[in-house]
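Two complexes are shown next, each including chain A; its partner changes from chain B in the first to chain C in the second.
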Partner chain A sequence: MSFCAVRKCVRKMIMKYEMEIKKMVSLYYFRLSAARGGRSRDRWGLAFVLPSLAGVLAFYVLPYLDVIRRAFVRTMTGEFAGLSNFRQVLGNPAFCLAAANTARMMGVSVPILVVCSLMLAVPLQKGIQGGTWYKSGLLIPMAIPAASVVLLWQCIFARQGFLNGLLHLFGIPGTDWMNTGYAFAILVFSYVWKNLGYSVILWIAALEGIPAEIHEAARIDGAGEWVIFFRITVPNLFSAFFTITVLSLINSFKVFREAYLVAGDYPDESIYMLQHLFNNWYRNLDVDKMAAGAVLSGAVLLALVSLFWKRWEGK
Partner chain B sequence: MRFKKGHVILRVFLGVLAFVCCYPIIFLLTGAFMGQGEAAENLRPVFAGGEGFAAWSLIPFQPTFRSCVELIFDTPDFFVMFWNSMKITGGILAGQALFGIPAAWGFARYRFRFHRGLFFLYIAMMMMPFQVMMLSDYLVIKQMNLMDTMGAILLPGIFSTLPVFIICQFFKEIPEELLEAARIDGAGEGDIFFRVGLPLGKAGIISAMVLQFLECWNMLEQPMAFFKTPSLWPLSMFQPQITAETAGTAFAASVFALLPAIWVFLAGHEFLEQGIQGYYSRGSASAGRHTG
Partner chain C sequence: MVLLGIAVAMCSCTPRGGDGAQGKEIQEGKNSGDSDHAPSGEHVWNLTELPKPESAVRVTSLKYLSDGAVRISTGDAHFEHAAVMDSRDGGRSWEAADAATSPELEDEVIGKYYSAKGVPFAYSSMELILSADSGTEEKTVRMEEGETIFSADVSADTLAVLVLEEMQFHLKIYDLQTMECRYLEDPELSEFLARAADHAGGQISLDSQGNFLYIEGTGIGRYDLTQDRFGYLIGEELYDELINPNQENGLIHDLGIRDHFAVKDGEDQVLLSVSSPVSEQSKLYLLERGAPKEEKQVQKEKLRIYSLKESAIRQAATLFQEKYPELEVTFEIGCTGGNGVTLQDAIRTLNTELMAGEGPDILILDGLPADSYAKKGMLEDLTDLVEPDKENYFYNIISAYNGGERIYQMPLEFCVPVILGDADTVAVKNRRELMEVLRKKAGTGIPFMVSKNISEAALELFITSDIVGETINEVKLADYYRDLDTIADLCFSDGERDLFPVGDKMAYWAEQYPGVGFCPELDLYFGEAQAGITRIEALWDYMKILPLCREKGLSYQYLNRENGNYFIAVSVLGISSGGKNPDAAKQFLRFYLSGETYGDGAYPYFPVIRELAAGSRYVSEEGESVGGTSRKHTPDQTMDMYKLTPAELKDFTAFLDGLDTPVKDDAVVMQKVMEQAEACLFKGKDPESAAADACREVNLYLSE
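For the complex of A and B:
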């Protein structure tokens, strides 16, 4: 038999038993992957992660561990300092002021943001005409650089700015808004302004997670819109509420940009926050205090994150 | 009928709110196209003191490109900064694509040793604000002799863990059956990543890139801490000594800084929304889906 004839014969057989062969091969592969698969395949996962992990370890984790070490050491002499760095930070009046302001900032602005964004998300999720336009409009502040916003604020809130000009028309004496207690309110406003769209999107995602049938059933039973909102929507949103609150808390740290650009290193006392303090420590290279401060605030944030993580993992 | 009336009120309210959100853009545009004289006249009280209050109008009386032209031709610093911003943003995004996307794929599709612990580490790092990480950044940058070079911003930025988290949420949504099918057809794990993962996770990748573009373009704290040489400064640090006379230029500069961000926003706002939702719905929807 010639070689050509053999090939023809084999091809015929393959065509005849194509389905069977494919099935067998796939079964073999399936068995193979089931038998030894799990572990050797998962090694691939580590291979994918490794380059990024190396960078994360080198640039974030290991230096942070070094910071934790430094928090317990006196930099000048290099000797073990126990808790004295922490004591120094906690006893520092600037730290107390900054921590109190940061807490107050979070305590005021986060509830405002969470409630306002929910109120906006409910109608937007129901789908009103032009909803995407409103959503985009609310999101735009995310794209506006802080420096540009600051230019507007200077014009509005300066001693001779627009706001005082407007008040003057009504015969009300104005103040220097950015350098008095009002600075705090302005900062809260800017935080809400910047994060509103973001939170609305999150709430909409959460609302879409509630099955429509529940609402239908309630409506058929004759419940009004408000009853449905408070009895069905709100109880179903607890886990979302939690997630959004934690994310908002963490984002509230970023409001510092505006505060810094408007008022510089030493702003009005009411908006002197932890970030200003860290910045000033950094400028003086006060390593002891910075390390202790970074460990303290890192611990608080880590606690928040692990709460978020538990919820998020859903276990 | 009553319902209808509520609808109108709601839409007016939403419209006003959206206008308030967008107003800074309009304000900057107005300022940029206002003649130098007009801007100076309007804002003299804010920047130079004197009597009276600042004034403004919704549109400039004599619109002109004068300020923009002056900025482009008479301010070489501005160009350098614009270019620096481009370099920082482009460099970080490219690096994140190179390192972050495979990492997200690894976290989303495989269960290796320490999987959960490492992912927790990534989430923790993504939540830390810059001020908390400032000292550790400083230490590592100094150790590597990167102080006052582009690397001081680029390297930590590239290994930021936020894009990994977001892209991971999207990769998790790809059904496992699809990957199994590819494996049966003889595709290697690398092939699966390039041929199945990347095309199907495109939305997630773009979302993360849009979010990160806005983040990097407006980056302020890092350059302020690690760049001393003004020739390295990005656009976000451009703050000319504003006087009433140069106010127009400042406005034009702000508009130019704003344009790329707005362009990216308009081109990708749908992806941006999806990316934000990744925090909530995708996370809870797909958690614990495959436990193998």
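For the complex of A and C:
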């Protein structure tokens, strides 16, 4: 090998190493800057979240911790009461009735809402004629204040209301809908009607998160629409299932507003909810019982949410 | 940011035309009234209470004389022993007046009246006599047919008479020289008089020359008799503020019933005589125009009294404030019914305050969850405050109300549900026996009880029954409804159920509880019923029962006495253990129990203070007549009533001493049960379903 050839070869090697070193240095600096930028972003993120976190802490977490404390003490004297408040609450027939009604309300209305909203969301997501209008229409009940809804229910379901008037036209005797067992069905209907739009929107968002390629691949492989729905769409919606179910559960507690506004402190037994009881306990200043009741219902909800989480989020 | 700053600055600099102007207007009104002659500037009307002459209880007339002196006539509590007094220092001290005797007149209006020159006059509803003066003769003025003299005044040669004709005020002005009469027909004056009639006004006063006529009503109106022009000396709003000095604290803010007034020449002083319906005494006030009083901003200790609904304690609070001006007493009503706040809302708001340690010092526990408060230690133990003087009170009531244990709830008043009738009727001890007697006495031609008595009977029978325990006993409730139906069957005439007025039905009376009910004594007295169920709420009620016992051989007894001798506690007071001023709260209770807050026997319910009954105006050695009572206001349908003799009072006190069981009068339970009772009696609902419906609603409430 001539000298020139050797020099060329060495120069190439040097260049190669130079390139490598440059690459390494630039990678080092890139990583360094990325790390610096990330920490900075974390700090900004924390700063933005902090007010909300403080709010949650001040208005939810700390009060709830205080409620837990109060559940084990006599409120006025502060004396430790052990489990006696819980025993008192669990032995209270009104609590048992209210808890059973609340559980029944959740057990009936949440599945109806989740299933119905999914059934509506699927065609809407695929795009049907007038879908946008339909989606907007579904959201209107959310915009109507509870007091107005209640007025509407009273006009429809009162003894002298529209429904009885309509039935009368067909010779069917009417009834006092809100003061009989029908009150529960009306409340379920009211809840589903009010929350349907919101759940549909959530389902549509979740459906749009599923890559279209998967559906296309399945179709190419010869799968039918039902198979695609049950084998591909539903499994991909488990995470959304969790969110929507938890939100629906929380919203199911809010039907108390309607029940209270329609029928007051003592509605028909079938719609006597935990909030009615807590509301009435507060009138008697039974804070010990309220605290124990709140801890019990909180614990049940937590257990339920944990169960859903484990089942659908796999955590 | 700069733009925002400029905008804020501009907003804050914008002249507040509306508010500012309005504020100024009010201030001017307050300062000068609406007087044409009022000095402008910083003068305001100041209110001062003046001393009364010793021995004067009532002020029956007042007048500024031409020489600037003030002349009043006074009397004792019964408007007797009249005296005429003069003051030469604007009402600050008094001396017996050297006044001529006023003329005598049949049925004359109480009071010794004098003209500005000191000439006495008197008037009745139909005529007025002005005594003779040097150079003048006695003059008599008679009203036209249908006219009634409401008030009158004389100054110089002017006689002003306010007459009432067909419920409307008119003003007549007489020239005493010529005796010519003219009516004042100014439209503004007429409007003012119409409003004065609606607001218990209508007193008149002349200046010493007889040129200006002043009328008290909504404000003090001034009529210029020389120019026939109406205006205001003190405007309505300002006058309202002046005579309602405690408006902000919820106390009874009226100075009292305005009886007489007089305006001094120059219009810088107005004398007012008012009488308190509580103490039944007159007070004198001076409204004086002058520089605003500089009130020292002293930080007063506060005493908050809370009542869910209107309560007689408000009156006591007002008197307590008068007696202890170093305290700032406020009386709060949770549910006034006027602002959409329900009873439940009010209770929750109160509970929030109590939980936050910001609650009132004194709670009037009527309608509040008092047992729950007591159980949770929210009420002070009052045993040591009440027990040492227990012989002064109906301690059986206090003790029974607290279950014979420590006293946390102090019932201040009470009443007794009773049954009236013959020996058979009053011997019954429970509803079953009552029904037997009722069936036995049916068909005698006289109803067992009058139909209008049924709602009160239903209510009293329920609250004195054993139907309510931990929850309602459905079987017993159905029996109760069945019995009510039987009573109605036997006491109502044909078709009467259909025409029964809503205001006489059970649900209405449950809502009004413990408001007054029906008064069956008259029906028994005039033989229109054989029995009656009612309440003895005060001595006056007992005086209605006495003629039945004396003249008709009837009697009275505790109602449903099988399980105890029931009483209804009213105005139950509790002192909040979390209150800011427990000492003042106890001081208030002591003040109340001293009996100072009660007038001379005119109280709606029996106070727990024993000596009040003994010292009442309704008790005398002779037991003389106190008039009569009637529902038809005809002499043949009037039942004469007599005072109690000490022996009768002793018997009755022993009856009250026998009370040992508080009724079960939970408002929610009563309301629901009575609604169903009404449905049963008047809508044909069967007793079993009515009882089932009532239990479904009420037992949930009771089991909470």
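Remarks
Keep this in mind: the second predicted complex is superposed on the first by the 234 of 315 C-alpha atoms of A that agree within 3 Å, B and C clash if a C-alpha of one lies under 4 Å from a C-alpha of the other, contacts with A are read in each partner's own complex, and residues count from 1 in each chain.
Note that in this section a contact is a pair of C-beta atoms (placed from the backbone, for glycine too) under 8 Å apart; a residue touches a chain by one contact, two chains touch by 3 or more.
Remember, it's a predicted structure, so these values are computed and weren't measured experimentally.
In the superposed model, A:284 makes contact with chain C only, not with chain B. In the superposition on chain A, contact is made by A:133 with chain B only, not with chain C.
Counted by residues of chain A touched, the larger count belongs to B, out of chain B and chain C. Looking at the shared chain after the overlay, A:269 reaches chain C, while chain B stays out of its contact range. When both complexes are overlaid on chain A, the residue A:172 reaches neither chain B nor chain C.
Within the superposed three-chain model, A:76 lies in touch with chain C and out of touch with chain B [touch as defined at top]. In the superposition on chain A, no contact is made by A:212 with either chain B or chain C.
When the two complexes are overlaid on their common chain A, residue A:46 makes contact with chain B while staying clear of chain C. In the superposed model, A:92 makes contact with chain C only, not with chain B. Common to the chain B-facing and chain C-facing surfaces of chain A are residues 279, 282, 287. Residue ranges of chain A in contact with chain C, taken from their complex: 75-77, 92-94, 97, 265-266, 269, 272, 277, 279-287. On the side of chain B, the complex with chain A involves touching residues 7, 10-11, 14-15, 17-25, 27-28, 31, 43, 45-46, 49-50, 52-56, 99-100, 102-103, 105-107, 109-113, 115, 118, 120-125, 127-129, 131-140, 155-156, 158-159, 161, 164, 183-184, 186, 189, 193, 214, 217-218, 220-221, 225, 235-239, 242, 250-251, 254, 257-258, 261-262, 264-265, 269, 272-273, 276-277, 279-281, 283-285, 287-288, 292.
By the touch criterion given at the top, residues 344, 347-348, 351, 354-355, 369, 372-373, 376-378, 696-697, 700-701, 703-704 of chain C touch chain A in their complex.
Put simply, chain A touches chain B in their complex at residues 26, 29-30, 33, 38, 41-49, 51-53, 55-56, 58-64, 66-67, 70, 120, 123-124, 128-130, 133-149, 151-152, 154-155, 158, 160-162, 164-165, 168, 193, 196-198, 201-202, 204-206, 208-209, 239-240, 243-244, 247, 250, 253-254, 256-257, 260-261, 274-275, 278-279, 282, 287, 290-291, 294, 297-298, 301-302, 304-306, 308-309, 312-315.
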